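Reading through the structure tokens given below for one structure.
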Amino acid sequence: MSNHVLNQPILYTQKLTAFYGDFQALFGIEFHLNIGETVAIIGSNGAGKTTFLRSITGLLCNEPSSVKFSGQPIGASSPDEIVKLGIAMVPEGRQLFPSLSVEENLRMGSLSGRSGQWDLRNIYELFPVLKERRHHGSMDLSGGQQQMVAIGRALMANPSILLCDEISLGLAPIIIKDIYRALPAICSEGVTVVVVEQDIRQAMAVSDRVYCFQEGRISLEGRPDELTTEAITHAYFGLEDAVS
Amino acid sequence: MLELQHVNKRYGSLKVSDDLCLKVAEGHALGVLGPNGAGKSTMFNLITGDVKADSGCILFNGQDITRLAPNKRCRLGVGRSYQIPHPFSNMTVFENLLVGGIFGAEQSEKQAYSACYQVLDETGLLPKANVLAGSLTLLERKRLELARALATSPKLLLLDEIAGGLTDAECQQLIGTIKKIHDNGTTIVWIEHVVNALLAVVDSLIVLDFGQKVAEGEPGAVMNSREVKEIYMGIST
Amino acid sequence: TLAYANDPIKIGYVSPQTGPLAGFGEADDYVIDSIREQFKDGLKIGDETYQIEIIVKDSQSNPNRAADVASELILKDEVDMILVSSTPETTNPVSDQCEVNEIPCISTVAPWQPWFFARGGNPGEGFEWTYHFFWGLEDVIANYTAIWESVDTNKKVGGLFPNDGDGNAWGDKNLGFPPVLADKGMTLNDPGRYQNMTDDFSAYIGAFKKDNVDIITGVMIPPDFTTFWTQAQQQGLKPKVVSIGKALLFPASVEALGDSGHNISTEIWWSPNHPFKSSLTGISSAELAAGYTESTKKQWTQPIGFVHALFEVAADVLKRSKDPQNASAIIDAVKTTNLDTIVGNINWSKGPMKNVAKTPLVAGQWRKSDGDFKYDLVITENGQAPNIPVAGKTELIE
Amino acid sequence: MSWIDAILQGTLLGGQYALYAAGLSLIFGVMRLVNIAHGDLIILGAYIALVCVEMLGLHPLLSMIIVCPTMFAIGYWMQKLVLNKTLGNDILPPLLVTFGLSIILQNVLMEVFSADSQRLQSGVLDTASLQLTDELTIGWLPLICFVTAVIVIASLQFLFYRTTMGMVFRATSDKAEIVQLMGVKKDRVFALAMGIALAVVGIASVFMAMRTNFDPSVGPGRLLYAFEAVIIGGLGNIWGTLLGGIIIGVSQAIGAQINPGWQQLAGHLAFLLILIFRPNGLFPRTKD
Amino acid sequence: MTSKIPESLPFSIVRSTFASKVAFLGFIVVFIAAVTLPWWGGRADMRLVVEFCYYLALAQLWNLLAGYGGLVSIGQQAFIGLGGYAFFMMAAFFDVPPLLAIFLSGVVTMLFAIPTAFLVFRLSGAYFAIGTWVVAEVYRLSFAQVSTLGGGSGMSLPISVVKSISASKLEREILIYFLALLLAMGVVTALYVLLRSSWGLALTAIRDSEAAAESLGVKKQMTKYAVYLFAAFGTGLCGAIIFLNKLRISPDSAFSVSDWTANIIFIVVIGGIGTLEGPIIGTLVFFILRGVLADFGAWYMIFLGIVAVVVMLKAPQGVWGLVAKRYGIQLFPVGRKLM
């Protein structure tokens, strides 16, 4: 999709596992990410996609060497350190700060102190509607606008890797299109993007590479054009055919 | 048997149930489709009383249950499984079921023992009977949700996404179980993204979006309707 | 060295050494050290010499704790008798424990009414194991009213009675101040019982201001009086006479008032000027007080005499008992006590009530002093005990 | 007139209670922690002030210069080393740990300072008063305390709603996990909030120590007043906390007017009444 | 211990463990030792066991509330005080025979707990905790206003009442001893039976997930009320026995957090919250520490507090939790095993 994909992993995971108490959610995930590419992660509910992103951002603790960023082990680093290295996330369910205004929400993103081309002005250029509503409470916005704030907030950290968890969740198709239209603009700024998506078609359309998760394991990996519908549905549901 | 009349529910500015009307006849099996966040689980919460409706009316077997406490509704015969499993982690699987058997189905302890044994057997959880529910895997937890709901001997069974992540064989088995429950006369409402599993069981379908009912009818017709194609594009390639 | 034929005699002593009533126990260490010194060669009783062991416990000004330490003394230390001093909050629970556990107990420094009646004492029966010596409400009332009548006021009295053993007794409609004041043509403004350690006395101050009272009285714990008095001044209350029991016993609490303590009056149960001497050591009141000041560099306080007297009584009783390690024998000796102590004569056969012996009471005022200490306590009223000399006349607060 | 006087004195007393409550409200607002040791920390502050006054001969009001930073440091490290480890979904650990700290603190103070009651003397300020009318007189000290309470609360309001730190506090209060994704160290934010809360407690301590007697055992009483003020005002509502304090103070004054024995009781009863009729307080935050 | 369902069914329910059988024997030994103690121990021993018994009972009841019911109360002193005062009033003013008065004290306390529950159940979590404390304060201050009960200074149990229990000091002490023993055994047994019944099932379910429990037909509100009232009843009984033992009651001592609730909480936290074994271990630890540190005054409470805080931070399951996890034993099995 993007032109500046270098075949050089900026981030990779090795034997990554994750637990919630006694419950194991991830089993030895081997994943990599090349500079400048857009990768999609698909998988059914509860497959472990969110858990995987949480492990990368440090919200879940791991072995130090299970996640490496630019060769540096960050598996055991804390989330704030990881953001400062340049990995930002748009969390599942948007997770805006309800008692903050739109602009304050965006400013929260810049607290990591990384400099770069993303600032309030650029964000407002990317999503002009936010500028109009910048002094409103973030909960007064529509779902799509909230999603824009969430993306803008992550971009304010000027990340080199942007992780997006189900940014189309609960949004009308029209708005989803709007949001995905912004992605190329983001990528062209040299940001590596990971999207987690349940909408397979959407995921295939925007990505250079696809991982499919199933029950805490990677069940399929490949370029969108290499993957057949059958393979995907199988990997996705463990079923031969989803819809006849 | 179940009737929702103009039910509304909002969280702040977010409308999750928008003038929802619905009728389910006794012995019917209804499937519910809709994108994430459409308000499907919320509809269940309204029916079971976990969430109180802002306005509107919910009837069960002709009785107004809108303001009834969840435990009363359960004893009237409303059983449900949670989309996010809520096991009683410090109890064994068997004891989890007993709670439903003793309090929901209002059986004596002895009666509940045998009833729950049967449910365990039917849902394939028998080998796990003495395991603490907290240590189950996700799939087992979902199965426990189903089993626990069954233990309350419900007249109306509400199932929230219990087929996700199953293998083909497991899914077929699940479909078999649910069919059997249905054949015994239990009314079923089933939320499911795994459409073909749903289609194997239900008599009719509704589609929710933004808390509204956008389509309703015979499964084939609904699946081919324009609304579904447009809104529910999930996996239709 | 001496050989002791017997187990030592164990005496338990309980008083509030910390907490809001710590002033009462302040001199305990000094007095008890001197008593231990006195007993260091043992006490000769009949033909035998007994080692005397004194076990001291702190009630922390807390009645619950007082009961606990008493029961500990009885069951764990197995003492032969218990001495207890200072305010009903300590004397009553300890006495109760002794009564039930059948251990001889002598108490002091609490007016006898709250000791006797608040424990459910029945005038006909009295108690079996517990005896008390001190003055009574009738004495403090007589002293205070005499002070108030000796100066020119509007005869309106404001009362500050807390909801504790002393406060309830002083304010009691039948036993306390109200009937006497009515007799003498004085009016009492008593807004009610406050909780000890109150933060705010505005309601009292407001009521007293409204009624324009000239005289203020009450029985307060020291910290409460300080709070009251500063707030009274903040809120512009200006009485002519202030006579407060308990709170103003101690020089430290008067000094805490800064310059506003001048001519505040209080009851005096013992002072260096009391014309009595110790039956145990032979020293006079003045010598006892001087000894305390010399060794601690602190001004004398009233409990010194009474704590000393407690041990005088204990020694006397033990000596007279047929068996100093038998509870019944000790109590038999207590009943027949007739001893001239440093606080006056103690005799339980003459008491106003069974188990109670009375000591004399006078009253006086704190005056600024040029001496070693900031304030001196001057006796100005001795109507109840003319044998104790006055040192001045009562003056108004300016 | 005596009723007006009661309300006036009660309002001033309420300023003191609001000072107790401000710190509790802040901590609750930021980390949803109910600190049971709050009252004992007020007493700790008072003892620190006492030591300053006695050792350095400072005027009690000036002792705040030392008390507040010390309390800040205590709060910061207490949060960092102990309380942060208790935060989570389970309410038991923070509740029981702060309860344990409360008992520990009480007994440590008891060992160090004994059970004797103490007070800070502030010379003329102790008794200086302001004559409003013939019958109404108010003390300067309570007045200063009330004004300080208003200033403290206004400052907290400013801090919370007008500064970047306040923005981070609010964000952390909303979604403690997500702020970490913004490069913020959650634990440090909590420690900072506790530090600030205890610095405010320091101010409350000094005023308390000047106005009333204290000993190691009176902390829980202050906790209850503070807690009631916070609940009455509506959880996490800072101005509401001031109002809550005043309501408690005035209720106490009115109770005392009826019968002095009812002074403390009246404050608690006012709280329980409000609990019956407005379980979320008078001004609940319109969130969640 | 094994109840068989009709022979035809292919399973049986097992409710005991090997450890529980051994423990049962152990308890019988302890029980016999305790019952015969007045004949071989001294007065001080008896008094110690009395104290042990009421702390154990109090701890078990608090554990029932906090550990099983999720109702963390810092207001247990309300019920101790109410029980104590109810006992004093009945015995001193209404000439109710002391033993009957003790039982009635529990009942009266339970009656008071009804309005209390109505109030405090409006709060949850930490607010519930402090709310119960406020209510206890209200009781303390209210009792201080009643002058027939001695107001703030409190009252002594009239000697006549004490004598009416028995004229002889020794007999009286033995009687109180057996009362306390009965109380502790009674509470432990009652809780064990309760938790083994379907009621315990409901309670554990509510603790693990309130929403799911309710949707399975468990009457949440009623169960919580029942737990609260039961705990109030038992705590009231303890209060009556405590103050019968202390002979004197005052609002400050009866409704004191630091004298009662603090110790109770520390006992349960150290022993292990949410198990029947925990409070027993906790009470043992409490008394051992107290014995060792008796001469250190306040340091004793400081040390106990530190131990409790450390346990809460490092091993929230308490001493028993560690043991149970390590060795997988259960002395009071409340579960049901399907065989």
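Labels for the chains are A, B, C, D and E, by order of writing; each one numbers its residues from 1.
Criterion: a contact is a pair of C-beta atoms (placed from the backbone, for glycine too) under 8 Å apart; a residue touches a chain by one contact, two chains touch by 3 or more.
Source: prediction; values computed, not measured.
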| item | value |
| --- | --- |
| Starting at chain A, fewest touch steps before arriving at chain D | 1 |
| Chains touching both chain A and chain E, listed by label | B, D |
| Furthest chain, CA centroid comparison against chain E | A |
| Label of the chain whose CA centroid is most distant from the centroid of chain B | C |
| Computed distance of Cα centres, chain B from chain A, in Å | 31 |
| Chain A-chain C separation of Cα centroids, rounded to whole Å | 79 |
| Rounded Å distance between chain C and chain E, as computed from the means of their C-alpha atoms | 40 |
| Interchain centroid distance [CA atoms averaged], chain B/chain C, Å | 77 |
| Residues of chain C touching at least two other chains | 163, 193, 195 |
| Per-residue multi-chain contacts in chain E, two or more chains | 141, 144-145 |
| Residues of chain A touching at least two other chains | none |
| Pairs of chains satisfying the touch condition | A-B, A-D, B-E, C-D, C-E, D-E |
| Of all residues in chain C, those that touch chain D in their complex | 18-20, 22, 60-61, 163, 191-195, 197-200, 202-204, 206-207, 209-210, 222-224, 226-227, 230-231, 233-236, 256, 258, 260 |
| Chain E to chain D touching residues, read off their complex | 66, 72, 74, 119, 122-123, 125-127, 129-131, 133-135, 137-138, 141-142, 144-145, 257-258, 262, 265-266, 269, 273, 297-299, 301-302, 304-306, 308-309, 312-313, 316 |
| Contact set on chain E toward chain B in their complex | 5, 9-11, 13, 198, 201-202, 204-205, 207-209, 211-221, 335-338 |
| Residues on chain E engaged by chain C in the complex (per definition of touch) | 43-44, 47, 92, 141, 144-145, 147, 150-159, 162, 169, 246-248, 250, 252-253, 256, 259 |
| Residues on chain D engaged by chain E in the complex (per definition of touch) | 34, 36, 82, 85-86, 90-97, 99-101, 103-104, 106-108, 110-111, 217, 220, 223-224, 227-228, 231, 259, 261-262, 264-265, 268-269, 271-272, 275-276, 279 |
